[in-house]
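Letters are used for the chains, namely A, B, C, D and E, taken in the order the chains are written, and counting of residues starts over at 1 for each.
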Amino acid sequence: MSGQHIFLELILMPLLAFMIGLFLVLMMRKVRARIERRVGPPFLQPLWDIIKLYVKKMQISHGVIHDLGIIMLLGGYITAEVFLPVPGMSGFTSQGDIITLIYLMMVPSLGLALGVGQCANPNGSIGISRALTAMLAYDIPFIVVIAGACLYYGTTDLTEIIALQKSQQWGLLSMPILALAGLIAIHAMLGKEPFEIYVAPAEIATGPMVEMSGKYLGSLFVMQCLQIYTITVLYTSLFLGGGYTWFDFIPKLFLVALLPVMITVIFPRYKTDDVLRWLWKWPTGLALLGLAIVVLQG
Amino acid sequence: MQRWTTILFLTGLSIVLFAIITPLVLGQSPMLVGKLINASAVNDTGAANLVTAVVLAYRGLDTLGELAILFTAATAIGIILGTTDKTQTTSSPTAGFIVATAAKVLFPLLLVFALYIILHGHLTPGGGFQGGAVLAAAFFLLTLADSGNNIKHKVTQVIEALAGTAFIVLGLVSFALQGVFLQPWLDKGELGSLFSAGSLPLLYLALGLKVGAELANLLSSLANVEK
Amino acid sequence: MQDSLILLVVLPLLLAFLLPVIARYLGNLSGLTGSLLLLFNILLLANAWNSVGYSPKVILLGGFAAPLGIVFYIDKLNMLFAILTTIIALLLWPCRTHNTDVREYVLWLLLLAGCYGVILSGDLFNIYVFYELLAVASYGLVTLPATGASYIAGFRYLMISALGSAFALLGIALIYSFTGSVNIAHLAQIIPDHLHHIWGYSAALLLIIGFGVKAELFPVNFWVAEVYSHADKRVTALLAGVVSKIAVLIILRFIILLFPWQDIFNFLLLLGIIGVIVGEFAAFYAQDLLRLLAFSSIAQSGLVIIAFACATEAGIMAGIALAIHHLLLKPALFLLASHCDRSINDLAGLAKSSPWASALFVILALSLLGVPPLPGFWAKLLLLQSLMAEQYLLLLVLVLLATIVEAAYLFRLFMLFYQRQEMPEQKRITIQGQELYPVITLSGILLLGLFFLPLFMDSLREIAMQTSNIEAYINTVLGKVQHIGEGNI
Amino acid sequence: MMIWDDIFLEVDFWINIVSIALIVIGIYGIVFSQHLLRMVFGLGLLEAGVNILLVKAGYQKEAIAPIVTQASDTMMSNILAATAQMVDPVPQAMVLTAIVIAAGVQALALSLVIRIYKKYGTLDSHVLFLAMERDRHLSLNQKD
Amino acid sequence: MSVLDLDHVFFLLIVNIGIAVLWGNRPFVGKILTLLYILEGLSILTSYHVLLSGAVLSSSLTFTVMQQTVQWQLGVSGGFFALITFMAAGLATWFSSGVWARSYAPIRLLHSYMALNVAAMLLLLASNDFLGLFIAWELVSLVSFLIIAINGGRSAKAAYSYILYAFLGAMAILLALIIIWNATNSFSYVEVRHHWSTMSVNRQLIVVLLLITGFGIKMAILPFHRWQAPAYAYVPAPVAAFLGAISSRMGLFALFIVLLQVVGIDVIQTLWLPFEIINMQTFLLWLAALTLIIPTFIALRQTDARLLLAWHGIGQGGFMLLGILSANALGTAGGIMHVFNHASYQAALFFAVFSVSYRTGTADLDRLGGLVTRMPISFTVMLVGIIGLAGLPPMNGFVSKWLIYKALLDEGMPLLFLAAVIGTLGTILSVYKLIHNTFLGQLRLEHENIKEVPWSMSIPMMILASIVFITGYFPGLLLESIAAMQSTLGISVVDYHLGGVNTGKGNLNMIVVVSTMLMAIGMGALIFFVLGNPRKQVTQWDNYAGGHFLTSDMRYQYSHNFYPGLMRVISPLYRNTIFWLESAIVSTVQFMAHISYALFMQANYLLYLILLVVISLLWVLAV
C-alpha cells in the first residue's frame, strides 16, 4: 500500500465516518419523531446544529485542559475510525485488533472527563462520575460478548472475523444470545434512553455538558456521530458479517442503529445505581450464557 | 478433695515404683565388676577392707569429687551465712552442768575413737568419712557444751585446706611417679598390719581430717547464726 | 601426652582448696591465679587436641583397667566442649572488685572442675558425682547477689535439682542392680540388647530427667526463668551458655551409647519440641529483658535436644553446631542485657544512649534468629536438614513457627531500641566500654567463624562421625577384651 | 536350705517396702508441702530411700562382708576363696559418696532456709514465691 | 568498554553504601549517588548485548558449604530487573537530592538504606541457586524493613507487620528448600529441575504452595496483602517511588525464576489441588485475578492519594502474575513487560503525588483540587502516569495489558479475561478520581500561591513520563530483552518487532496506533482551533451555579465519595474478611503466650516434674 494511498485513507475514513454518523443521528431523530407522531427534523439538521455551534461568537474556555480534553475526544474516535474494517478500504485494520479498538473507545471518555474536570463545576464532576460508572456498567457485558465472539472465531483481528463470517455463517446466526446481549450493551454504550443519565438533555444541568457551549458542544455532537458510527460498525463486523460492498454495509448500520432507537423511545431514565444493577444482571447474564454455549461447543 | 488427690497420687507412685523394683530380688544381682574387684583387690592395693580399696584406689576420683562437693557445700554455706565475725552471733543458752562435764570427759575419748577409725580405715570397716564425722561430732560437743569457746574458724580452715591439698598431692605424686593419677603407690606391706596398703591410709588420713574440719566448721556456722 | 588431661580436673580443685588460705598473701592476685589456671588449661587442651588426632584416647584413673576403675574418655567432641568451656569461663571470669569474697573464686573453680569432670568422664557414677559438684557449686553461685529473691530462687533451684539428682541416682541404682557395672563402655555392650524392657526404659527415663534439669528439658526447666533473672550476670551467662550445653552432652552420650531405642528418642523429641514452643511463647509474653533471654535459652536448648534426639550422624552434627552457636552467643546477650535490666518499655531509645551495645545486641539476636549470612542460619539449616532426613515433618513445621514467634518478640525489641522520641534523661542507660570486652570477643569469634565456615563444617562432620561410632568407643575403652564376665542378666 | 530361701524372700520384700515408702514419703514431703523445712526433710528421706536401693544392688546371697579377716595366713589361695564369698564392695563405695552428697546438699538447703527466714520471716513457699516476684518487679522499676 | 563483569557493579554498590553512610547529610551527596546509580545502570547496559545472547555476567562472589557451591551471576532476566532497580533508585535519589533533601531530616539514613536496598536487590537478582536466593531474600526483606520503618510512628507499625509477614514467607521458603534438599540433596536449579519428578506428587504440591506463599508475601498476593499498602504509603517520597516501582517485584522475579525455570509451567499445569477440583495453574491464575480486582476496588475507596497508589501497586502485581502464569509466549512477555511499565508509571505517579504534598503539605484527596493551573508539570506527569496505569493506548501500560489479554483469549480463558478487564475498568475509575481530586476542579483559597516543584524534583518526573511514552511508542525495546529472557528460561519466545507483536490471530503495531493517534489529535486540534471563533479564558468562579453567584469563600468542589452510585451497589462486598482472620491469629498468639508464661510462674512447680515422671513411667509400663 503506497504512502499516499494510506494518507488518502487516513483522511477519507474519518470523513466518511462523520457523514454516515450524521445520517445515523438524523435517522434516529427522524424515527423517534415518527414514533412520537411528529414530523422530525429536516434532512441536514444535525449538520446545521454543529455548524451553528461552531460559528457562535462567544466561545468560553475554562483552561487549556478543557480544550485538550475536547481534542483528545475527537482524536480518540478519529483514530478508532482508521482501525475499523470498511468495505474497500483496509486502513490500519491489520495493525490493531478488537482489543485495541475497545481501548481506543475509552480514550475519548477519559478526554471528556478531563475536559469537564477542568471546568471546575461540581455538577460536571458529578456527571462525569455517573458517566464513568455507566461506562463500568456497560463495558462488562460488552467485554463478555467480545470474549465470546473472539473465542468462537479464534482470532481477534476484525478483517479475519469478517472473512470467517463470509465463509461460514453470520455471527448473528451462530451466536444468537451473544448477539442479543451485544445489542443491549451497544444500546447502553450509545447512551440512549434507559441508560442516558449522563447525556440526557434534562440532566444537562448536572451532566458533563454543563459548562460546554459553543464549539465545545459542537465537538461533542461530532463525537456523538463518530461514536454511533464506530459502535455500529463494530457490531456489524462482529455479528452481521461486516460490509462486503457499501450497499449492504450502510443498511446493516442503519438496522443496528434502528433497533436501540425503537426501545429508547418508550423507556424513562434509570438512576445510576439501577443502570449498574440492571446492566450487570440481564445483559451480563445473557452474555455469560452465550459464552458458556460458545465454550461448550468447543 | 485435695486430700484424696494426694493419696491417689501417692498410691499411684508407689505402685509404679514397686513394679520397677520387684524384679531386683535381693542377692541375685549380677556382680559383673564386683567379682573382678574382689579377686584382684587384695594384691592390687594390699588393703584388707575391700570397700576402702574401691573407695580410694579403684574409684579414687569419685572420692576426690566427693571431697570437692563437701568443700563446695561448706564454702557456699560460709558465703550464705557469712559468719566471718563472731561478734553478733546469738549466744545460745549454755547447756546444763551435766553436759558441760560430760563434754569435757567425752571429748578426748571421741578424738581417740575418731583417729582409730580413720587410721584403721583399710583394715576394719570405717574410714575417712566416718572418722571425720566422729571428729566433727567431738568438736561440736564442745560448742554444745558452752557456746563461748567457739571453734576457731581460722584453724579449721587451714586444716581443711592442708588436708585437701595433701590428698591431691598424694595423687599428683603418683601421677609424677607412674604417670597415672591417684594410683596407690608405696609398698603394700603385709596384709592386715597397720602400715600396709601403701598410700591408702595416708589418703584416708587426709580425707578424715578434711571432712572433720569441714563438718565442724559447717556445724558451728549453722549453730550460731548471726542475728 | 594426653594423660596429662586429668590435670584439667585436678588443678582447679587444688587451687580451690588452697585459695581460702593463700588468698591473704596473694591479695588481689587471687583473681589472676584463676585466669592463669584457665590459660594453662587452654595450652593443655591445645597440645592434646592435635595429639588426639583421629582415634580417641582413654585415661585410666588409678591405673586400673576399664570396667574396674574409672576411665576418662578423650575424643574430639569432649575436647571441643572442654576448650569452649575454658574460653567462656576465661571471658566471664569475675573481675576482682573491692567486695568480692575470695570464696566466689573458689566456687567458680569448683564449678569449672565439675564441668571438666562431666565432659571427660567415661563412668556413669563418676559423671553423677561431677554433675553433683557442678550443681552444688551453681547453688552457691546463684545466691551470690545475697538478695532475698536470689535466696528463694536458689532454694527452689536447689530443690528441683536435688530431686532430679535423686531420680538420677535411682536410675543408676536400677542400672547397677541389672548389669553390675557402671562403666559406660561396658554398659554400652550390655544395655542396648539386654535391657530392652520396661526396667531398661524406666532407668533411661530416670537418668534423662535427672540430668535434664540442667539441660533445661521441658518439665524440669521451671527454675530457668527465676534463677537467670535473679542471679549475678556472669553466673547466668555461664549457666545458660556452658552448663546447660554440658548437661545436654551427657544426655547425648546416654542416648547414643546406653539407650539407643526409638521410644526414648520419641520421648526426647516430644519434650524438646514442647520446650521450644512453650519457651518461645513465654518469651513473647515476658516483660523484662533477662526473663525474655531466659525463655529464649529454654527454646534454644530445646532445639539442641531435638537435634540430638534424632540420633543420626546429621542430627548429632546439627546438635553440636547449635550447641556451639548458642554457647558462644547467649553469654554475650546476657552480659549485654544485664545492664538494661528494666521492664521492656523502659528500654525505648536505647540506641541513642548506647549505640554500640544496641547494634551488637541486634546482630547477635539476628544470628540467634537464624538470619542467613550469620552463623545461626547454618546451624538451623543443619537442624532442619537432619529433621527432614528423619521425615519428622510436623516437628519441622513447629520449629519454623517457633522461629516466627521468636522474630516477633525480637523485632519488637529492635523497634523499641531504635525508637525516635527521647527517653527522659534520668532513665537513660549507658553501657560502659570495659563491660563490652567479653561481648566483643564472643561476637568476634562468632563472626570470624563465618569466614572459616566450610572448614568448620567439615571438622564438625568429622566430630559427629566419631561420636556416633559406638564400636570405636567400646574398643578404645575396654581394649580388645570382649564381654568380661557375662553375668546372669 | 528351704527356710533360708523364704526368709530371704521375706527380707527382700520388706526392704523393697521400706525403700519405696521412704521414697514416696520423701516425694510427698517435697512436692506437696508448703513449708520449706518440710521440703528439706522430704529430700533427706528421698535420698535415704534411694541409698537403700543402691546398697541392695550389691548384696549377694550367703555372702560375707568384703573385709579379709583371717589376716594371719597370707596364703593367696584361701584369700581368693574368702573373697569369692564376699559381697560386691562397689555399691557400698557408691553409697558412701551418695550419702555425703546428700548431707552436703541438705546442709546447703538448711542454710538457705535460715537465710530466707531471717529475711522474710516466713517459710510458706507460696508467700515466698509472691515475695520473690514482688522484689523482682520492684527492682525492675525503681532502678535509676 | 570491555564487558564489565559483576564485580565492578558490586564494587560500585559498596562505594555507594560507603558514601551514603559517611557523608549522607552533605548537600551534594544526593547528586553523586544519582550519578553512581546511573553509572551502575549504564555498566550493565554496556554489557547487555552479552546478556541478550544468553551469556552470563559472572562474579567472583562464591563460597562452598556442605558440598554446595553458592555462586552469584547475572543472567538476562536478572539484568532486566537490575536495570529497572537502578532506574528507580537513580531517579528516586535524584528526586531527593535537590531541595527536597532540606525538608527531610534523616536524609543520611534515607540514602544509606536506599543504597543497602539496591545492593541487596542486586544480590537477589544475581543469585543462581536456592541457597544464594534464600540468603539474598532474607537480606532484602531485612533491608526493606529498615527503609519502611524510616519515618517512625505509623510507618514503624507498618514495618513491624511487614517483617512478621516477611518471616512467615521466609520460613515457608526455608521449608520448601529443605523438602527439595531432601529429595535432590542439592540446591542448584539445574539439579533440582532434573530430580523434580522423583518427589511424590503431593510433596511437589506442598513445595510449590510453600514457594508461592513465601514469594507471594513479598508480592502481596491476596491473602497476604494487608501489610503492603500502609508500608508503601507512609514513607518519604523517594522511598515510596522506589518501593512502589521495584521492591515488591523482587517476589515476582523469584517466583518467575523458580516457577518457570526450575519447576516448569507444564508441571504446574499437571499438579492438581486436593480433591481434583482445580489444577494449580488455574488456582494461581484466579488468585492473581482476585489480587487484581479486590485491591483495585479497595483503592477506589481510599481518600489518601498515597494509599490509593499503594493499593494499585498490589493490584498491578496480581496482573503481572496473571501474565506470567498464563503459559503463553504473549502472556509471559506481557507479564514481564508489565513489571517495567508499572515500575515507570508507578514511580512517576508517586513523585507527582508527593510533589503535590511537598507543596500543599497534604496528600488527602478531600483537601486538594484545581492545582492544574499552579503545577502544570506535575499535572502532565500525573496525566501520563494515570493513562499508563489505566492502560490506555499511547502509553506503555496498554501494550503489556494487550499482550496479557491476547494471551488469556488465545489460551481460552474468557472468564479470566473478564476479571482482568474488570480490574482495568476499576483502575480507570479510581485513577480519574485521583487526578480529578488533586488537579482538576476548584482551586482552594490556601493553594492560591502554590508554585511548581523545583527542577531537581520535576526533571526525574519528566524523565519517567517520557520513558512511559517512549516505551509505549516503541515496545520493541523491551520485547527484545524479554524474548532473550524467555529463551534462557526455555519457555516459548514471543516474535516481536520494534512496534509490537504480530501473532497470526490479530496483531498490534504500536508505532502505527500511536502515530495515527497523534495525527488524529492533530486533526482534532485543527478542526477545533481553526474553525469557530477565538476562545475566551474564564476564571473558575464564572460557572453555571443555577443562578447563584460563586464567591471564593464557598467551597464549590465535588471530590468526597466520588462514585456514590457504584459504592451503593458494591459496598456490601467490602467485608474485609482477611482483617478479621489476621486479628484472630494475633489474639491466639497472645493468648498462648500468656498461658505458657503463667505455666512457668508457678509457686508449686515441682508438681509438674512429678507428674511427668509418673506419666512417663506409666507409659513405659504400658509399652
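Criterion: a residue touches a chain if its C-beta (ideal position, glycine included) is under 8 Å from a C-beta of that chain, and two chains touch if they have at least 3 such contacts.
Quick caveat: nothing in here was measured; it's all calculated off a predicted structure.
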For chain A and chain E, chains touching each: none
Residual chain clusters - chain E taken out, nothing else repositioned: A | B, C, D
Other chains in touch with both chain A and chain C: E
Between B-E and B-D, the pair joined by more C-beta contacts: B-D
Distance between the centres, which are taken as Cα means, of chain E and chain B, whole angstrom: 77
Centre-of-Cα separation between chain D and chain C, whole angstrom: 27
Distance from chain E to chain C - Cα centre to Cα centre, in angstrom: 47
Mean-CA-position distance for chain C and chain B (Å): 31
Chain A, residues touching no fewer than two other chains: none
For chain C, residues that touch 2 or more chains besides their own: 125, 129, 132, 136, 139-140, 143, 151, 156, 159, 163, 174, 176-177, 180, 182, 198, 202
Sites on chain E at which at least two other chains make contact: 601, 606, 609-610, 617, 621
Inter-chain touch pairs (all): A-E, B-C, B-D, B-E, C-D, C-E, D-E
Touching residues (chain side chain E, partner chain A) in the complex: 370, 372-373, 379, 383, 387, 390-393, 398, 401-402, 405-406, 409, 412, 414, 417-418, 421-422, 425-426, 428-429, 432, 435-436, 439-443, 499, 504-509, 512-513, 516-517, 519-525, 527-529, 531-538, 540, 542-546, 556-559, 562-566, 568-569
Of all residues in chain B, those that touch chain C in their complex: 19-20, 23-24, 28-37, 40, 44, 57-62, 64-66, 68-69, 71-73, 75-76, 78-80, 157-158, 160-162, 164-165, 168-169, 171-172, 175, 178-184
Partner chain E, residues of chain A touching it in the complex: 10, 14, 54-63, 65, 67, 70-79, 82-83, 92, 94-100, 103-104, 106-107, 110, 113-114, 117-123, 125-126, 128-130, 132-133, 135-136, 139-140, 143-144, 147-148, 150-151, 154-157, 160, 205, 210-211, 214-215, 218-219, 222, 271-273, 275-277, 280, 291, 295
Complex interface listing, chain D residues touching chain E: 27, 30-32, 34, 125-126, 129-130, 133
Chain D partner contacts - residues on chain B that touch it in the complex: 6, 10, 13-14, 17-18, 21-22, 24-29, 31, 33-35, 37-39, 41-43, 48-51, 53-55, 58-59, 62-63, 65-66, 69-70, 72-74, 76-77, 80-81, 123-125, 129, 190-193, 211, 218, 221-222, 225
